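Heads up, the next two complexes both have subunit A, just with different partners, subunit B and then subunit C.
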Partner chain A sequence: MANNSMVESRHPWKAWVYLAPALVLLLVFTVWPIINTVRMAFLENYSGLKAAGGAHFRFGIGNFKKVLEYKRFLQCMKNTVIICFLTVPISTMLALLISVALNSIKWFQKFLQTVFFLPYVTNSIAIGMVFAAMFNIVGSFYGTENELIVTAGIINNVIEFFGGHAVNWINYGSTYAANITVMVIYIVWNALPFKILILLGGLQSVNKQYYDAAKVDGTSRRRIFTRITVPLLSPMIAYVVITGFIGGFKEYTSIVGIFGENMGPADDKGRLNTMVGFIYDSLSTNSQGRASAAALILFGLILIVTILQLWVSKKKVHY
Partner chain B sequence: MKVELQNLTKIFPSRNKKEGGADVVAVNNFTFTIPDGKLVGLLGPSGCGKSTTLYMICGLQKPSSGKLLFGDDDVTNLPPESRGVGLVFQNYALYPHMTVKQNIMFPLQNLKGADKLSKDEMLDRAYNVAKIVQIDELMERKPSELSGGQQQRVAIARALVKMPRVLLLDEPLSNLDARLRLQTREEIKRIQKETRITTVFVTHDQEEAMSISDMIVVMKLGVVQQIGKPQDVYNSPANLFVAKFLGTPPINVFRGEVKNGKLHIGDEIVMDVKGVADQEVTVGIRPEGFILKADGPFTCNMQNVEVMGRDVSIVSTHECSLNETIRSIIDADNDVNPEAKTVRFALKPNKVFLFNKETEERIYVEEK
Partner chain C sequence: MAERITTMHAKDMGKETTRQTIIGAIVKVMVYLFLFVMGIIVLFPFYWMINSSLKTLTEYRLSVPTFFPKHIMFSNYADAFTTANLGRLFLNTMYVGIVSTILSLVITILSAFAFARLEFKGKNILFAGLLATMMIPGELFTITNYSTVTNLGWINTYTVLIVPFLVSVFYIYLLRQNFLQIPNELYLAAKVDGTSDFKYLCKVMIPLSLPTLISITILKMMGAWNSYIWPRLVANDDAHRMVTNGLRNAFKDTTGDVNYPVQMAAVALVSAPLFLVFIFLRKYIMKGVSRSGIKG
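After this line comes the complex of A and B, so read on.
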């Protein structure tokens, strides 16, 4: 023991030298930005330019007040929360069903696994553009009630093929509900591969004997799913739900992918903007204080939701 | 409930047929009637088809051919849940997220239609069966909070709670430590006697099988070698495989020859073997078949002596031995000189078995 501590304490600075490259990078690019974000959030009238000019500013919660009074920010928050609470449950449920189905088939399993994994390795902006094309309306559309809508997007073609009416999904004059529907479909589709990967991995590590035992006892498929598969997968489910929410709160690129930088249909720009989008916009107008305050609010939201989930999973998750 | 296996066969098709891989016959033409209320052990080395047989009785695997009857019902094509079997898995397969009580009640909650039980009835039955296996005080615990032996009992309780017609145990003791193993095997015997359920269990441990079974079935490469009461099988093995597989320490095997009704091992005539035609044979001698005798007919080279309290184990060698060493167990009262170069034995005729050199089948010696 004494010998050991001798070895440990002989050159304590050596350890720090070895750690230095990582520590320096962490300090510069992670720790300091976090501290600075908090500092800037509480600095009123702060902006990069003003600071350079030596303008006076003081500490206070003015930034938070201002952000929360902003109608646009509240819209962003609403969009973010709606997207989170719609996409995470839907994608988790779908991923669970797909992975259970994948796990139970033998033929094409590897092939289908690859198919389901493709969105993960594809650029989400590119996917967004494809989705935008699929939901698009191409033609002379002026938004007046008498105008004949010419549809070219594949989704509307399919709807019309089955005798339905074409929907204005994302173009000029589209409704908020239609916009959100497209966003949810897109985000769910984009989120599936990672979730399927995790859940399928979990399923494949479940001892097959549990299922044999259930079979001998004559357990119905539904009961096997709800009483055995889901509880045994609960750690993985908790993991994908929590990371799903964190990812959902940070949603931004998928909106850009579909709507471009307008963040909404042409007649209502910014309608689908998210919190991260708001932060980005604030930065580009040199309102670092507001951006920092919004970032902290986002952080607080994610923290609350995650703590809630951990609290729930402590009761429901079997490890 | 008697269980009848008629020409039961299981063939696993080859995975790589194109490369000329052969089908695997896991169980070959197994015919046997398990008498009602008995405890039967399926015994054999790994890959002998004993587990496959168990799974076929259970219904998790379908036989390739042959029939399976429970009493007079043909259950060959019934799914496991309609057969009325309880299966205890090797690693127990207790649901880790449920308490002991929930685990035991799980099979009852699956019952449908006329068999459906009220919650009180379920609890009643769960507690009754828990009492039989003596875990009624652990009902609220999770499996991870139980010892291996307790988990084992929970698994048995879960299998028993739906009152199966046949109880099946897959290597029930292999996950327990040596001391617990002894205890649990007596426990299994007790539970089986108390419930009088026809029970089949699988093991590769001959001692385990011998100690608790009413009957044992020795298998090798899918083929049944011998069926009988444990002691009968031990005392009169049908072939060299069975002789070698049963007994600890294992049987000593020698090259021998029968000439004029005398058994020769090396240059020595060690025993009279009446009614056996002249031929080269394989000789099996149980460790307890040796008698220490100064002028005995069988001479071995002394290697060392292990004193184990009750008896003495003499380790020796012989040029005709097919094992590296010969192990003989004699009473501790005998005075053995470990320094001696050779040791001489007489043999107990009922502990010496002759086998055909090629087929390894037993050659029976006429009694005197």
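After this line comes the complex of A and C, so read on.
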């Protein structure tokens, strides 16, 4: 061991040569942004443009106050939270059911596994456009009296086939609930592959002895699921829930995929904007102070939710 | 008496097992039904994309949809290619993807090697500090990085698409873990033979960690293909536009009366390379993804 450290520490500066490219880039594009973003968040009404002109800004929490007073920001926050709290539980439950089902079969297992992973390797803007096409009503659909529907879109066709009424999902005059439903369906579809991959991986590494013991005892299927499968999988469930919430709080591109950069139906632009969208909007109007404050609020929310979940999982997760 | 009890018991057991096999069979059928229905739902958007992309506009606009195009319109694909200027977008994205992957691999390998094999003061603190930055959402960096690249005069260049994302702490972490699994004895033997650190890295560690390096390459390339926010912000001119951004730009309208067949053809063309990569390199993607939890 002594020999080992002697060999390695002969040229301690060499390690820094190996690290230099990474460290330089990290300093410029990671460390400095952390410092600077915090600084800009606490300089009231900071704007890059005005700063270049030599303006000075007062230190204070004005940016945070302003951001939290913005109706637009509160709407963004509401959208983000609603999307998170709907999509994460739904996708986790579905992924859990699919993984348990996949784990219990032999035929077609590999094939179905591939099918369920397929949505992962897609471009969220591109496939969002496909979902938009599926939900879109083509025609002069502007709430006028002589409404003319050319084609109601495949989803509405299916609803009508089963005897329901066509819904205005994303077009002019659509409701908020309809918009959110479309978003939830798309985001769940998008989130399933990763969750299934992790949960199925977890299930396949569970010791078969537990199940054999349960079989000998004649335990019912439901009891096996709630008393053996879920507890043994709990670390993986906690993992996909936490990463799901982090991803959900940063939701943005899937909404651009469906609604375009309007972030809402034609008559109510920005209705479905999210916190990340708000940050980029502020950035494009050169209000870096406001953008930084919003980014720190987003970071704070993610941190709180993650800590809460870690705290809950410490009590509930069986490692 | 005892005999009668055992026979009764056996009879009961027999009934019980037949009942159980029937329930088992029903459950099995239900499980397959559930999986196939879910599988069809998952695949449906892909099918609908291809189906729509091959229709004529008149056929697409039929109030009763057709599930297979009557006239197969391959010309939609040619139209899509020219409308969205996909050739240029593909070239731009490939260029950015390849250059940033190569540079990123070099940087990642060098720093992972330093963290895994070399001794220096403050190694553990530095590594922990790097890992801590992974918690921070990328938007927080973007705000300042946008000013930085503006001041550097990098707006609308390839540099701005490549340089800010060359270092990924996560990839360094992934590769370091892999490097640590390579036994120390190999390193010491190489040292005794007088092999330099750098030669050892190239001749032993890189070949042994090839699967991880391939995973990183795929994730990085997919990341370039799918990136949207940053390219839109900093390189939105015709010469440097990336594919996702270009696709959204070429088809701004999502609702209303849109020429969907052409739009779907463009979407299919943009999705095709991802599917090809998936078909040939599924194993590496799934392995990389299960450890990363991030898209690209």
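Definition applied: the second predicted complex is superposed on the first by the 301 of 319 C-alpha atoms of A that agree within 3 Å, B and C clash if a C-alpha of one lies under 4 Å from a C-alpha of the other, contacts with A are read in each partner's own complex, and residues count from 1 in each chain.
In this section, contacts are C-beta pairs under 8 Å (C-beta built on N, C-alpha and C of every residue); 3 or more make two chains touch, one makes a residue touch a chain.
Keep in mind that what you see is a predicted model, and the values were worked out from it rather than measured.
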Which of subunit B and subunit C A:302 touches, first, second, both or neither: second
Which superposed partner A:215 touches (first subunit B, second subunit C, both, neither): first
First, second, both or neither for A:36, with subunit B first and subunit C second: second
Subunit B versus subunit C as contact partner of A:279, first or second or both or neither: second
First, second, both or neither for A:207, with subunit B first and subunit C second: first
First (subunit B), second (subunit C), both or neither touched by A:231: first
Residues of subunit A touched, compared between subunit B and subunit C (which is higher): C
Contact footprint of subunit A on subunit C as seen in their complex: 27-28, 31-32, 34-36, 38-39, 41-43, 45-46, 48-49, 52, 60-65, 106-108, 110-111, 113-115, 117-121, 123, 130, 133, 135-148, 150, 163-167, 169, 172, 184, 188, 191, 197, 222, 225-226, 228-229, 233, 244, 247-248, 251-258, 260, 263-264, 267, 270-271, 274-275, 277-278, 282, 285-286, 289-290, 293, 295
Of all residues in subunit B, those that touch subunit A in their complex: 58-60, 79-82, 85-87, 89, 91, 93, 95-98, 106-107, 109-111, 158, 162
Residues of subunit A touching subunit C in the complex: 3-5, 7-9, 12, 14-16, 18-19, 21-23, 25-26, 28-34, 36-37, 40, 48, 94, 97-98, 101-102, 104-105, 108, 112, 114-127, 129-134, 136-139, 141, 149-152, 154, 157, 170-172, 189, 192, 194, 197-198, 201, 221, 239, 243, 246, 249-250, 252-253, 256-261, 265-266, 276, 279-280, 283-284, 288, 291-292, 295-296, 298-299, 302-303, 306
For the subunit A and subunit B complex, residues of the former touching the latter: 207, 209-210, 212-213, 215-220, 223, 227-228, 231-232, 234, 318
